[in-house]
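Encoded as structure tokens, here's the structure I'll be asking about.
We just call them A, B and C in the order they show up, numbering each chain from 1.
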Amino acid sequence: MPTLTIDNLSVTIPDGSTIFEAAAQLGIVVPHFCYHHALGAVGACRMCAVTVVEGKMPGLKMSCMTPAEEGMVVETDTAQAMEFREHVGEWLMTNHPHDCPVCDEGGECQLQEMTISSGHGVRNYRGNKRTYQNQDLGPFIAQEMNRCIQCYRCARTYQDYCGGRDFGPMGSRQRVFFGRFTDGMLESDFSGNIVDVCPTGVLTDKTFRFKTRLWDLQQAPSICPHCSLGCATVPGGRYREIQRVVSGVNVQTNGHFICDRGRFGSSYVNHPKRPRQARVDGTNVPVAQALNRLRDKIAGVIAEHGPGAVAFVGSGRASLEANWLLKQWARSLKCPAPVFELHPRRGRAIRQAVGPLSSHLASLRQVRKSDLVLVIGADPLNEAPMLALALRQAVREGGRIVVLDPRPVDLPCVFEHHPLTQEQILCLLAGRCETGLLNNLLSELMTARRPVLVGGSDLLGGVGLQLLGHLTESCDNDDRYCLIHPLLPRVNSFGGGLLEDAPQEDLLERLENGRIKALVCLESDPGSEHPEAGRMQLALSRLDYLAVFDCLPTHATRRADLLLPTATTVEGDGVYINNEGRMQAFSAALQPGIPIAAVTAGQHPPREFMPETPGSQPQPAWQMLQDLLGERHSVTALRRAMEQSEPRLEGMSRLQPGDEGIKVAPQDPEPVEESTVEIWSQDGDLRLLPVQSCYGSEVASSLSQTVTPRLVTPRLMVHPQEAQQRHLQEGEDVTLKTAHGLFRLRLFCDERMATRRAIVPCLPGTPLEIFVPGGLSLPCDIEGGAS
Amino acid sequence: MMELLTAEQLDKFTVQVAGLEHPRELIIDLLRSVQDNHGWVPDEGVALVAKILGLTPLEVEEVATFYDKIFRQPVGRYPIHICDSICCWSRGGDALATHLREHLGIDFGETTADGLFTLLPSCCLGACGRAPAIMVGQNTYGPLTTDDADRIVDALRQEAQG
Amino acid sequence: MKQTEQLLFKNRRPGETAFLKEYEGSGGYLGLKKAVREMTPKEVCELVKASGLRGRGGAGFPTGVKWSFFPAENPGPKYLVCNCDEMEPGTYKDGELLKADPHQLVEGMIIAAYAMQIDTGYIFIRYAYKEQFAYLERAIVEATEAGYLGKDILGSGFGFELHVHGSAGRYILGEETALLNGLEGKRPNPRSKPPFPAVRGLFGRPTTVNNVETLANIQHIVNGGAVWFKDLALTVEGAGTKLYGLSGHLEQTACFELPVGISLRELIDDYGGGVWQGRAFKSCLPGGASTPFLTADNLDVALDYQTLEAVGSRFGTAGVTVFDDRTCMVAVTLNLIRFFARESCGWCTPCRDGLPLVVWLLEKIERGQGTDDDLQMLKAQHRNICGNSFCALAEGAMGPVDGLLSNFEQEVVDHIQKGRCPFTA
């Protein structure tokens, strides 16, 4: 821990730190370009020069490359350092175009800030400027190479950090070009990060182009709603539309980066079919009226049929506050407690994570630091993309990744893949079949210093996660836990699970046996989330009354007798709990409203003035639920009340949007016994596994027009051996026969996947929406040609 | 001339790659072989090299575009590199370059209409004791008078015809 | 003019190349035999250290000292890399040496590898040296057949294999860490030091990089001893002979093996045949394009590392480029800076963007459009680029600017005042 002096201030920093980091700790920001917290120092830009007055090697030094030493005396503002930095500014600006007025970086241009802080102001160079021809990098990213200052950040982000292999530096001398071999869409699922790291306007968000200046942008720290990892984001919008999302910084979760689904998948907020109006029996009404009506209606049903006739459904999409208030409401009416996960098998998995596993949960940061990660039944790029990036960082630090999964798993790093089927994995974990592989892995886990097990809840279910839990415990030792990182279905699945007091009977059965007359759905859609989607839809049609709170257009919102439009994540405040039990707060960047562009058909300003903002009815669900309960607490007061009623939420009222979040207290070790035993014999030649796909399965992002270019089309995937046996060709249209019906699909082959398995992506809004991820594999067959 | 790699070369490199811990070290050998066969390295050449080495075309392009003597654009059958560094410059390199440009009727970076010659400025050829020097393909000539240069060009023209 | 003992050019005949027979006939591979049979690796290192041999690639780092940092005991692969990129204008000695006598390098590398217990060697050779590439390949085959290369060299149990790698043209590849990236098939930007190649070099393994001439001297040191080698030089601090490549405005521009410490005057008059066309000496680059200019005042300086540093220049590669009295030093500097700007790898700002700015300034001054402000700007560029780039390329590029400003500033002022280059009619 050397202590040194910088600009007459004393600072003590960890061994191995640089002068730059020591200065940063003192709050002195040395101008810099190539240094980036997540990428480290490479010494290319030379902007960070400072003078080492006393030290082993005195003189002008690059602060990002120079180790801080005990007793060193450093000055950042010597004449020598200031003159040099001014020259770096001059050199970098010789070729920079003066197109700042039309540059999208305006307002957040590090080049402007650093040039000014370097002291360079007048360009003496009068020669020609170097120019480039730009490339088309696809729908997400715009390129304007003339602005490039060759800091190499983009290449280091894209290649080194994210593992992309189709974008990088070409050429040399004053003509280095950052791009692709040929024009075309960037292939990495993390491509958008190059926008965040580029200090100037070379790489900008194409979907945000020419829309808003930063100072006009409404932004707030938020949480990405698209998977259970809960990455930090900063959405921004204007004119009542969401316009972009950039990565937030949370060193415990995503670090500095996010995936492209998180970045480009938010325009569902602007979706024209989004519920915007409270509606009762087909008539638009004010929210207050709908709430009164709902209160009366539920009271009526209870009066007539008893409290057991009303069922409540919360969800992993809704905020912790809304779910909790729903629970309070049900309790106040003496109705059965809400169900928070409609898919019973998924529900059991969530309960495992929230309960028995909760003492062993690993953050993404711990995954990044792990020396051995066993990924079991998970496909990170499709289920939780930033996990894939965390795995890559583990590998970069010398860690090893082993994947057991039937899918043709892809990762942006080196890993070992065993394409076992779901049953094989479960058998293996239960110790019921060939265990050579498991024994080898177990002995590795025992000796690993920071082992982590990743378990996909969709493939493993509650039983699988429970077995995984036993495994981690058996690999614990005195120095460390063997940690577990479970992937859960949704952003707040953990929160829902935590609010659940006891497992509920399957809603479908309760509906089918006619006991339930009225159903209240909070940001959930039984018809697409329950594994028996067809039966569920039928059952719903027998209800007397369906009330739905939602921000997305779903089956449920369409058939609802009473609809309450809720605010999206970016329009309200709330808390989500991610898959490692981390509570994180988000806050509203925008007020709900129909985008001005949609109201005025592109005309601006709007010609017609109205007393009320069009489409501004949606409110955070927890506000409406408070109204129902006749309460009007501030969000902090509400959170305090929640802490009181749920001790595991201790700390919730202290959460600040944008902070690291607080982990919920682990549950007392009281084993949750699973009743359903899933291990079964592998019957049938071919079984179907419906799975999540990164683009298309998750509802909100699939409704985002911006990700359309990446949406997966309905398809069927098998091992080439299966195709051969059935005399089928890759690329031909085949018929998939299942208990849910026949489907005509394009056939894809991948030899990395398990044999005797067929895989389809679950895609809402397509014929494949009948398949819901999270279940056991289903019997199926394939035939060539049309059905 | 048009083949990227001969069957023998392909076999040789494939065997070599299989035996190497870091196949990437062959990247320049491969690019140079493609260029020797084809005169320059077209996009397909980059793609082929990438395939042999298990790289992406971009990864090969990053390296190919760094080096001066890998041509990613068509050049004439005889690329003429005229040294413009200090020793050749001090002994008439400029005049020699001007002469060749006039004699061939092309500027730097251009190729004669018959596809035979491309003129390229080059840094020191390691023939500083024989200045002014030029390199045609990989053969270095110097010291050269303008007449010497004409003779070299004429001889190459003859070679091309014969 | 005294006949110097020829070590490196012993077998040099015009238009001919010595291969194994001739090389062995002249005492070749005796050094290797002596080293592996009679000396421990450590003794070889010590001997080289004692000989005072300094790296001939330009930087002049004491070779024995460099070798003594090498972790010879480390298990696993280790590499010896010979740097034959030789692309600095005015430098062509390594090419001459390899044209004459390629086995010298092969033998030197085997002994060096033995001294550092290295199992694999690479000779990195520039694109233009097509003949030398072929000669080296032949020499390696011959040496392997003769048992000098292979798994068990001369029954010593020591094994070494050697490969030749042809480059594709860029000066930066001569910088040793860029060279290592180049050998690995990556973009040849330099790497940051530390870690030094001896710790993490080729493919992340301990590596030593040495120049051709440095390595070719090793067997002579083994044969003749440290004291003999040191005494070959004419200066007290110096050691050995040096290959001097003459170029520029001399009657005779060729490469000679002469003692370290010979005077510039003797070199020019006796070996270069004097300045051409009966003109007067004005200036020279004493050791390649990156070394600051000398003037007529320096004609009696001894050509060695310390002595040249004392007069504000460097020994560099001993490629001496002479300029007569009709030469415009602004134009010379401009030519040199254009070279460096064009050869920048594009990694760091002072070099990538600073050198083109210097080119622009010099062009303006040379055209006669320069102003006093431009001269001040030139000085500021020089002051700020020096010592602040990522690798030594931009540093080297400032050598000529340094020479121009310290020795020929008046000439720059003349350009500005006259509004034209005083050397054009």
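Operating definition for what follows: contacts are C-beta pairs under 8 Å (C-beta built on N, C-alpha and C of every residue); 3 or more make two chains touch, one makes a residue touch a chain.
Every value quoted in this text rests on a predicted model; they were computed, and no experiment measured them.
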| Hey, how would you classify the chain contact layout here, line, ring, star, complete or other? | complete
| request: Check B-C against A-C and say which one is joined by more contacting C-beta pairs. | output: B-C
| By mean Cα position, the chain sitting nearest the middle | A
| field | Rounded Å distance, chain A centre to chain B centre (Cα mean) | value | 50
| query | Roughly how far is chain B from chain C, going centre to centre by Cα mean, in whole Å? | reply | 25
| task | Please compute the C-alpha centroid of chain A, do the same for chain C, then give the distance between them in whole Å. | result | 55
| note | Where chain B touches two or more other chains at once, the residues are 62, 66
| task | Would you give the residues of chain C that are in contact with at least 2 other chains, written as numbers and ranges? | result | 170, 187, 342-343, 345
| When you check chain A against every other chain, which residues touch at least two of them? | 169, 171-172
| note | Contacts from chain C onto chain B in the complex sit at residues 86-92, 95-96, 126-130, 165-171, 182-188, 203, 245-249, 253-255, 285, 289, 319, 321, 323, 327, 332, 335-336, 338-339, 342-343, 345
| said: Considering only the defined contacts, which chain B positions touch chain A in the complex? | reply: 43, 46, 55-59, 61-62, 65-66
| remark: As the complex stands, chain B meets chain C at residues 21-22, 24-29, 31-32, 53, 62-63, 66-70, 84-87, 89-91, 123-131, 135, 138-140
| field | chain C partner contacts - residues on chain A that touch it in the complex | value | 42-47, 49, 59-60, 65, 83-84, 87-88, 90-92, 94-95, 124-125, 127, 149-150, 152, 169, 171-176
| In the complex of these two chains, what residues of chain C are touching chain A? | 170, 187, 192, 341-350, 352-354, 356-357, 360, 373, 377, 380-381, 383-384, 387-390
